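Below: the structure, in structure tokens.
Order of writing sets the chain letters: A, B, C, D, E and F. Residues in each chain are counted from 1.
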Amino acid sequence: MSEAKKFLYVNRRAPYGTIYALESLEVVLIGAAFDQDVSLAFIDDGVFQIAKGQDTKSLGVKNFSPTYRALGDYGVTKLYVEKESLAERGLTEDDLMPIIYEDENDNFAEKPSLIFVDRAEMAKMMSEQDIVLSF
Amino acid sequence: MSEAKKFLYVNRRAPYGTIYALESLEVVLIGAAFDQDVSLAFIDDGVFQIAKGQDTKSLGVKNFSPTYRALGDYGVTKLYVEKESLAERGLTEDDLMPIIYEDENDNFAEKPSLIFVDRAEMAKMMSEQDIVLSF
Amino acid sequence: MPTLHMVNKSPFERNALQSCLAHALDGDGVLLFEDGVYGAIKGSSVSGDVEGKGGVKIYVLGADLGARGIESGRLIEGITVVDYPGFVDLVTSHDRSQSWL
Amino acid sequence: MPTLHMVNKSPFERNALQSCLAHALDGDGVLLFEDGVYGAIKGSSVSGDVEGKGGVKIYVLGADLGARGIESGRLIEGITVVDYPGFVDLVTSHDRSQSWL
Amino acid sequence: MKLSILVNEGPYTHQAADSAYQFTKAALEKGNEIFRVFFYNDGVNNGTRLTVPPQDDRNIQKNWSELAEQYKLDLVVCIAAAQRRGILDEGEAKRHGKGEGAANIAPGFRISGLGQLIEAGIEADRLVVFGD
Amino acid sequence: MKLSILVNEGPYTHQAADSAYQFTKAALEKGNEIFRVFFYNDGVNNGTRLTVPPQDDRNIQKNWSELAEQYKLDLVVCIAAAQRRGILDEGEAKRHGKGEGAANIAPGFRISGLGQLIEAGIEADRLVVFGD
């Protein structure tokens, strides 16, 4: 392999109602081993994937939300969240899980992985990718 | 079996993009043999199912639209179409296939199967059913 | 002759809830479940549609709220939370169910 | 660095086209195919969104139009009809494709 | 009360398959009778015995098979929908030359025609549809 | 140009499966190289040899298998997604005790890991995604 490519995973769907959020996350985890430049975008209903307080006990399905918090350990540290998508859904930043990573280039300081952007910034970030994966 | 039940098939989806329209139609055909009181509702994108001029040759899939025109031969003669759904989609009644049946109680006179109703009439018709099937 | 309308789609992604509410009659019930529970959150861009639908009783499935991290304090006023046995009761106590797929 | 946006959902049922148009940049292309071709019809409740998106070039797949009985006279002005080889050309002539699923 | 259930989506991909199961189970536990569960569209994929879900996840097919055993449920997979999607019983597998052992229908499920769905609507007091 | 294709939906239910096939075929006929077609989510169901579509309809699995043979295509089915949905090759069928002859993977398809999708993105000039 030559240079790292910029991989973007676009998440536009709510969790649990369909499997797409979970199976997208499984690709992210595997992809992390390939040393590419990885970003995740949460837009539209995708912002619900990282809502805090998810508890699937009564549903009888697996709660995979803790995995988002572990992404930093896999070197996946850029999770872009669209502000307009939150607002339309009656959500604020406080309704999301805190997701952080330890920056190995900065004495393992804890830093936030969630990057809150507006729609125009999200569109620009998307336009700078090599590969855009949607599920 | 005692009395006939009122069966309603609700069609809310466009044809070809998904199989639901086709597989719903297959249920209607089989169901016609059971001597129940059958109606079909075309609302939202379901109105696209009966658009005229469908030609699937370049797509390589089966054109099942002629089957709607044959429903009268199976005794399925009440196809309710919602006017508001047509208008929102830039369609008029002229954009739909003519679908008729021969009324055996009226000297086999040809009569229209399409019944154009507004949203309130559609809602009332729905509320008078025994069984509502959606695909 | 009330109907139980069942909506399992996010109102932000699809038109199912909107179409359901446009066809529900006074005395009908609407059950929000699966991704449909997002329609029960107050202060969203669609909550006005739900609040404005007087005459129709709105229910929401608790298990689906919990999975999605939605606390009861965030629900639109007047919505009733049910569990699966309550879901069954809703089906049997209405004259028919209609799924908005 | 133009992007080819691919939309295969009906704009009356889902929010994919709307979200796509809100994120497409000047110089980008949007291909409507499968049920997405309904977004190309003029005089609908969503056609204004498409017409109002200047700076973005809209394409539509002819095979999907034909299957759905949509004649070219009913398309919004300025939309280009392509076939499958044309679809391939669109992918290779843009820097990336993004599917709005 | 006597209920029939229609399942239009496959396991794991759409929650409809889970919701249908949870609803059916709750209805039975409350003493209702389930006349039939009919699997149509991608719903037929609930009836394959070949799934191997992750060990920390639910096994949807097994849940249905066990519920069927416990309550003598009639789980019917539509034959036309099943053929399109590759769900076959022994007779079908043989008839279409798919080879010995190829049948993939799960225990407790049977394959039959669409008339069984209409009958389910006629015979039950309520028909409840789960889909996408 | 070198292209990779991702197919997220199963045959017949969603047109995505047809669109992916038509696109891949057109790309090959125009002289492009297809590095890999990767089947994920319900897309893995394109790779079952057990489908018996109606005689007046297209056979999507067979179309893929023939295209693979003609152009030496690499058709890869994701193992994790396939296990959830009951698509197995011989090794998998044996390992999970599904019995002799139970493997249902179609000719020209192979089962492998998700890394193959990432590699498909890295190695190709463009990745095109077809889904619901």
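The criterion applied here is as follows: a residue touches a chain if its C-beta (ideal position, glycine included) is under 8 Å from a C-beta of that chain, and two chains touch if they have at least 3 such contacts.
None of these values were measured; they are calculated from a predicted model.
For the pair subunit C and subunit F, chains touching both partners: A, B, D, E. Farthest chain from subunit C, judged by C-alpha centroids: F. The chain pair with the larger count of C-beta pairs in contact, out of A-C and B-C, is A-C. At the subunit E-subunit F interface, residue numbers used by both copies make up over half of all numbers present, so the two copies contact each other through mostly the same positions. Taking each chain's centre as the mean of its CA atoms, E is the chain most distant from subunit D. As a whole-number value, the distance joining the C-alpha centres of subunit E and subunit F reads 25 Å. Note: centroid distance subunit C to subunit E, computed from Cα atoms, is 26 Å. Annotation: 43 Å between the Cα-based centres of subunit A and subunit B. Counting only residues that touch two or more partner chains, subunit F has 8, 12-13, 15, 22, 41, 54, 80, 127, 129, 131-132. Annotation for subunit A: residues 12-13, 16-20, 44, 59, 61, 130-132, 134-135 touch two or more other chains. For subunit C, residues touching at least two other chains, in rising order: 8, 12-13, 15, 34-35, 63, 83, 96-97, 99, 101. Interfaces, counted as pairs of touching chains, are A-C, A-D, A-E, A-F, B-C, B-D, B-E, B-F, C-D, C-E, D-F, E-F.
Those residues of subunit E whose C-beta lies close enough to touch subunit A in the complex are 12-15, 18, 22, 54, 56-58, 132. Here subunit B touches subunit F in the complex through residues 16-19, 59-62, going by the rule given at the top. Note for the complex: subunit F touches subunit D at residues 1, 3, 8, 15-16, 19, 22-23, 25-27, 29-30, 32, 125-132.
The residues of subunit B lying in touch with subunit D in their complex are 12-18, 44-45, 48, 51-59, 61, 63, 65, 88-90, 95.
Remark: subunit F residues 6, 8, 40-41, 80-81, 113-115, 117-119, 121-122, 127, 129, 131 touch subunit A in the complex.
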